[in-house]
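Below: a set of structures, written as structure tokens.
Below, subunit A partners subunit B and then partners subunit C, in two separate complexes.
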Partner chain A sequence: MTETSSGRRLAVIGTATAALTAVAVFGVFFVAPEDADQGIIQKIFYFHVSIAIASLVAFGVGCVAGIRYLRSREQRHDDVSVIAVGLGLLFSVLVLLTGSIWAKASWGTWWVWGDPRLVTFLIVILLYAAYFVLRSSVEGERQRRYSAIFAIAAFASVPLSFYSVRVAQSFVHPVVFTQGGANMPSSMVVWYVVSQVAAIGLFLTMLQLELIQRRAERRLRALKLQLERALA
Partner chain B sequence: MSSGSQFVVAAYAVILFVLVMYMVVVGMRSARIARDAELLARLAASPSDPDGVAADAQATAEAAEK
Partner chain C sequence: MSVRAARQFRALLVKDLRLELQTRETAVAMVLFAVAAMVIFQFAIGTRTDETTPFAGGILWATLALTAVLGVGRSYVPEREQGVLDGLLVAPVSRMTLLVSKAVAIASYMLAVEVVAVPLAGIFFVEGPFFADLGLLLVVCLLANAGIGILGALFGSMSLFSRARELVLPVLFLPSIVPVVIAAAGATHAIAGVSNDMAEYRGFCLFLGIYALVFGLVAYATYPYVFDD
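Here is the complex of A and B:
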């Protein structure tokens, strides 16, 4: 892949994401109706859930890239995996922060230890934080191989978190999307979908941006080494 | 502003803050890459650079990329 095509892809995804985010913010605050039960507090839902799903998508991408690395041993798959896991972690922390604010407004408390969704999501975050501890403890090919294996294994916790609330019949955290459809009017679902696409677009933009930076850094390192040897 | 609105503003401010901080970090990294590239360009263009070293270095970097 050439740098030009990577840059063009970044420009396209970035522009589309920026436009979608602007539309989503406008729709959420000026068009979507207020929830009859929670009032304006429910507006947190649109980006809280969108970012949560985007973080799970990021962990999924990290897992798939890990599998591809183990099969091909190509550096670029390791790059995608580590960046995706990092972004997934960043999004997860955002989910935790916005969720706590929503919990305080809605339930009167920042955190409920007895809720399976909250606790399993925290476990997912801690598990993926351990990914970076592992990565910094080894070097070279072993670092890439161990990271790939960890990214694949850690992804098992994602469906666990997603389904925990359904299996355990959560007492506090609501389940909006069920097998019977969404528990909200279609006028809200539309703006949720726009927010969701914008959040995934944000992830893809950040992924592309960091991939370009990583490649540039690697090329520069190789150049520096070559020149240092030649000029020594 | 109602109490509910304050929580909504706080939640979206957190998202905005984290995104801005992310952009600052990415921007700083870009600046470092630009500085390194500039330094390498100066080194490659220096008179002590033997013929073809810069071209060889470029080829090595591209090979490393693949």
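Here is the complex of A and C:
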């Protein structure tokens, strides 16, 4: 892939994401109806759920890129995997922060251990934090290979976290999306969908930005090496 | 599994178990560690409440999870320090056989610890009738051990080649087995003392089975890449 096409892609995704984020913020705060029970605090739902889904998408991208790395051993797949996992981790921390704010307003406490979904999200964060510990403790090609293996194994724990909610049968966490559809009016669903697309767009923009930066750094290092050799 | 692979699996498993039977280092250390951990839990939690039965499952499986870290680390000592791994890698043994034999060895160590730790947890923390059915608890142990063994074999192999492996292994392994602790503690709680909630027990056992299956598939797909150099 040429740098020009990467730059063009970044410009397109970045512009679309910025526009969508502005529309989402406007829609959520000025157009979407206020929840009759929870009031203004319910607005955090649009960001909390959107970034939660975006973090899962990021971990999924990290897993798929890990599989592609193991099959091809191409550096670019490792780049995508490590950046996606890092962004997923960042988004997950934001999910816990927004979830805690929502929990304080709704249930009067910052944290509820009784809800396996919150707890398993915390486990997912611990798992993906371990990804970087592993990455920093192994070197060379093995570092990329082990990171890919761990990205795959950690992603397997994500559906298990949701399954644990069903097994434990806890209903502390509000279940908005059920098999029968969304438990909210369509005027809210629309703004949720816009927020969701904006959050995924934010992930894709940051992924593209970081990829370009990594490639530029690698090229700069190669040029520096060439220059040193020429001067020697 | 072919006859040859089955024979290799048996040889590898016997190698691990015979080494352990000769030295008795790992299992004895794991049992002592488990007992010490339960005593610590008793002073941390038990002295602050009169009713410890609701915590029995949690204390037992938290103890076993920590003990598993010790067991997984110890189970790779011959591979790491006595050059066993080099011999295994050049031998015509499939990577899957290596994985399965090590997973079964780790699960066996865990079972040896559970033989002591489970009755002890019952005596220490469960008031009234002891665990309603020890056979049901054995199922929980076997399902949980399957998940612990598979993950232990995968992450233990990866930690062999890492710097500060004593730190890396718990950091990788413990968050991964938290769902096992949640489900196994839940299943144990469902049948501990006077409670006998079979629906809850079956739900948690199903989760443990699915967990072992999912990570079995993950390990099957990724383990060959651990030694791919």
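The rule is short, and it goes like this: the second predicted complex is superposed on the first by the 228 of 232 C-alpha atoms of A that agree within 3 Å, B and C clash if a C-alpha of one lies under 4 Å from a C-alpha of the other, contacts with A are read in each partner's own complex, and residues count from 1 in each chain.
In the analysis below, contacts are C-beta pairs under 8 Å (C-beta built on N, C-alpha and C of every residue); 3 or more make two chains touch, one makes a residue touch a chain.
As the structure is a prediction and not an experimental result, all values here were calculated from the model.
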With the two complexes overlaid on their shared chain, look at subunit A and say whether subunit B and subunit C clash or fit. fit
Does the superposition put A:L126 against subunit B (first), subunit C (second), both, or neither? second
May I ask you to decide whether A:V138 touches subunit B, subunit C, both, or neither, giving the answer as first, second, both or neither? second
Is A:A19 contacted by the first partner subunit B, the second partner subunit C, both or neither? neither
For A:Q226, is the partner it touches subunit B (first), subunit C (second), both, or none of the two (neither)? first
By the touch definition at the top of the document, which applies to A:A11: first (subunit B), second (subunit C), both, or neither? neither
Should A:L70 be classified as contacting the first partner (subunit B), the second (subunit C), both, or neither? second
Superposed angle subunit B/subunit A/subunit C, CA centres, nearest 10 degrees, is 120
Could you tell me if A:G39 is touching subunit B, subunit C, both of them or neither one (first, second, both, neither)? first
Between subunit B and subunit C, what is the tightest CA to CA spacing in Å in the combined model? 21
Output the subunit A positions appearing in both contact lists, the one against subunit B and the one against subunit C. none
Hey, which residues of subunit B end up touching subunit A in the complex? 2-5, 7-8, 10-12, 14-15, 18, 22, 26, 29-30, 33, 36-37, 40, 43-44, 46, 48-50, 53-54, 56-58, 60-62, 64-65
In their shared complex, subunit C is touched by residues of subunit A numbered 70, 116, 119-120, 123, 126-127, 130, 133-134, 137-138, 141-142, 145-146, 148-150, 152-154, 156-157, 159-161, 163-164, 167-169
Mind listing the subunit A positions that touch subunit B in their complex? 38-41, 43-44, 47-48, 51, 90, 93-94, 97-98, 101-102, 104-105, 206, 209-210, 213, 215-220, 222-227, 230-231
Provide the residue numbers of subunit C that touch subunit A in the complex, in ascending order. 151, 154, 158, 161-165, 167-168, 171-172, 174-176, 178-179, 182-183, 186, 203-204, 206-207, 210-211, 214-215, 217-219, 221-222, 225-226, 228-229
